[in-house]
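Each chain carries a letter (A, B, C and D) given by its place in the written order, and its residues are counted from 1.
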């Protein structure tokens, strides 16, 4: 039997991306779509203004949209809910035994909730035990990071060995990061909006937790100072960050290149269906990565890095790019769920049984 | 009699901007247009693919384009030549008695050539004496800065009292900065190009010289460390810089606001025809300045500043924006020429005589 | 005394354009701003997300927003209300003695309401008498056309002498035509939306009425067949129409050129403050007019025409462009109000008294 | 053995698209890349500024670029040469025994050269016999249509039964149609260019030939009157046409829908590797197809049709869209070559042997 999954906030832009990415997933099958009252009881096709390319996958188009308070049967629940409503719904589902993979920021900084990025911190999954013992949840809740933190954390993970102490980040972010309808065209055509509400705060806090170590039921954050300036640019998808970094053990540029190129993440991550291989792509052209040309690298799951050079103020400078609604949102959640399956968290289901079930269907 | 001016590189994008800005200038009248061999002997209208809005001003449309080696009669010469050819031509004209206001980077870092930004360093004009004594020029050569340095230097000038020591700059630059045809649409639509050849080097060097003091025939640069990362974004006009700064005397944010708001530049600059009043506009909205909405402030000559806040890495962060082909190029050159007239450099011509001549024409 | 005017729907995109265009108007001064309940009792600056370039004119920023049911004192009322609410509000104000110049489509096709385009059909203003006798209004209501009909009608008006019988129109329309927030950037960046709700119907109906003759209290429409296909393109302002036309008296191309070039509109229209001079600009370059380069011709009030050539299917083809929120909306309403003043409709106020009042203020 | 193919003009935008599309082709393998003198003797990676997404396929990156006069060994030659140089080179190669599939317009209207669109006019391939007998060529030359004619002809092909007599076409075309660097960003951002040199003439001539019948060594064109107006819009890929059509036998809309939906093209076309299935996709949403959302339908080979409705001037109106560098250029050429293989034109090679060779490689 394929593993059934539900999508919360299924009609929104990130919800749509979940459905698109899961269309031919080897383990998962979308069987429940959940949205606000306004959409419920309609078919998904009726309820949804599909904003991605192509059309709604036919097996999802006919599903009836459930309301947020409906009980669910899928063991795995992907949440694309806005943070204003995510809190209560996600906790209730985790308590009831579901494995919730959330894009919302609500629980990211909670002590017992991981901001999971499998290549970087698969071990943080052990916080689930604490969720069970302290909150009494039968299921679990894992979050993924802010979409701009994704390329930053992916690029910094292999450099933890050099003890990063200071990061200065300026982002150029795609319009899809604001959802749909999101950014008005009158605001962004021939323009840059030099501010994104709440984004800089997340970018300052989340990387330290994500890059920290799990020990004895808690995460010791990597102590770093982070400065952030976030900008919206007229680009459809993928966020680009200009990073300057300072380390306790200043590396040579070649050490950094080697660290990036050898980076794979711990087993079993490289073998998961949605894991890009390699997770980091380092470009040598001096004008790459570029959002439009590189966002689909690794099917949108790779982080693309370029322009490594000395920084006159900190130690080094570079740029990094990742697809904001794939690596920075829906794709990462799916990878997180794959990791939970592979680690045996989902009762009675292993990757092998899921795969053979889907294959024989 | 109005003061006659010549435009070198008149058919290019910056050359066109000169002609547009000079259309109703109270002192200057364009009487000579100069371009490469390919255009010479044609009428300006025939030789030019006008890329700005509207049409070619009618009194310039009929001028016959002169070649680069033709002798000129105009006392003031505005140069929009590419740096590859500017060197020889500009020096020859300065030697022959013309006052050359150049956009080219060729002579910017020469010890006896000012990078003039009247509000910031009008005193640097005294280097002209050295050009005469050492080079034997009868005229003079002044340059204006790189277009991205313009908003940075304008914003930092009032803060010199706090002794800036470190600047970290990330730019988002308009396509018009690359001239015409310049950036291919296939390269920039739905994209960012995270590299502009030569730009970061200029941004590291020019501000120190521009913010320095003139003493005894030379400029003592302001000693600062500058880090720069330059990006091209899908915006037509105006460059936006994200700046972090550290000072020897760390100011309060209110001190900075006050310094910006009181800044006017030395006499006679505020009274010059092209001087914006005030030169700095500080916005309090958290998402401003924006390129499309703020580039025309002060007729494109103002620098618009916003988002002043503490920086977690250096002392403070802010953003600044200026129109790259007006304040960062043609408009600044015109202001430089106005300053030379006002300071009496142009033989026998004063601002008053020029103005009354144009007015009575 | 200047003539006081009120703006209905003042906080929206077209409302903002009214305020921008009226900033230095020689006759009119904005003294009342009206918007929905949500905005009322706030200052205009607080209530408004200003989406145009620059900032809110200072004398309007401090006005307190009135609610839609508040009584007004201004003799002239400009309406930028959505058609869903315009009907009741505009009729009430016209009944009460105000001269309402409306952008809403609600009353456009009413038998006693003109779709006024002063250069084209100034005589339609006589319908006001019928409004008074039949509806008992003390004031009056005039509308302006759909924004896409504007360039079409302006281009066809001088060709009425050749008896147009068939028009085939394909439009490429700017995003500002949909108001704010209007078109989502995710819908239009790198895209065309080949449909605009209700637009094609308006384009088929309004021109016949606008180009018709006023006789004996009613308008005889110009009988024409019109086909329309409307598209939204990633352009900020101005609508471009590709027109093919067939006439009962097929003209030579030169006859058409002459008709366009000689067109001025009837007195007193050419002398009104907002009337462009000339109203039609005919370009000979084969790739003009273009939205970005030509939309500001005549301060946004001119219609720019180009590419006149034979059509293989009908008689001739050409393209025409006009600024959709100026000529196609706010600017045309202002011109309509100017015409009413000049024709003496506004009790006790003449153009001369208004102008001298503003000039001496 | 796979069938070896050469790409002429391999470094340009369409040449790159050929290489991208052929990366995993089941029959063909790129073994020769040919470009102008400037590139020859460099590796393809050195000679090419790759402008598509992603990177150069690794097996092509290392090929040495050959000059235009070099002898070739590949039986099939794809030409992306500009029409200014295509004439001589393509004829020489066809004479020498190569099967040349050309995107250039040079030979399109020659009596013995087909403008091949396999679903529409596979029978035109028989003109090859005439090329051999009259020109003495050992190979052959087939062209594909102008990129804007592609969606028009695909949409009209199933409607030939109703005898189309009049077409009125207005296009909105992508920037990639102009090649690289092609359209300057300063010309197209926030703009429409209402003219594309030579395009309207092609759109008037090519469809009649393409939709004609092959009889006795020549093509009887479908006699139609076509009017065309071509516009460039800020879209990366895919051309959209607004079509009005008149027929001798006016069909009901339902007849047209049925004709489109049943259309497949003659055997063996539907089974060819690059043939989209179905070739026409009819959308019922009133705002589709849209360039960005629908250009990749059928891997860029489908034609997407929408908005069928009565036309007030001709009989019916609709819109059609196709990817200009895939269906309108490189992809169609590849399909043409596949048809030639399937029809046994390429000596000693059948589809079956090619496929098994590639599969076992």
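One rule holds for everything that comes next: contacts are C-beta pairs under 8 Å (C-beta built on N, C-alpha and C of every residue); 3 or more make two chains touch, one makes a residue touch a chain.
Note that the coordinates shown come from a computational prediction; the quantities given were computed from them, not determined experimentally.
The fewest steps needed to get from subunit A to subunit D, moving only between touching chains, is 1. Interface comparison, A-B against B-C: more C-beta pairs in contact at A-B.
Of all chains, the one whose CA centroid is most distant from that of subunit C is A.
Averaged Cα coordinates give subunit B a centre that lies 48 Å from the centre of subunit D.
Our note on geometry: subunit A versus subunit B, Cα centroid distance of 44 Å, whole angstroms.
Centroids of subunit B and subunit C (each the mean of its C-alpha atoms) stand 40 Å apart. Each of the following residues of subunit B touches two or more other chains: 189-190, 234, 236, 292-293. Those residues of subunit B lying in contact with subunit A across their complex are 166-168, 170, 172, 189-195, 204, 225-229, 231, 233-236, 240, 242, 244, 286-293, 306-307, 311-314, 317, 319.
Every residue of subunit A that touches subunit D in the complex is listed here, in rising order: 52-54, 189-190, 292-294, 296-297. Looking at the complex, you find that subunit D touches subunit B at residues 13, 51, 175-176, 180-190, 234, 236.
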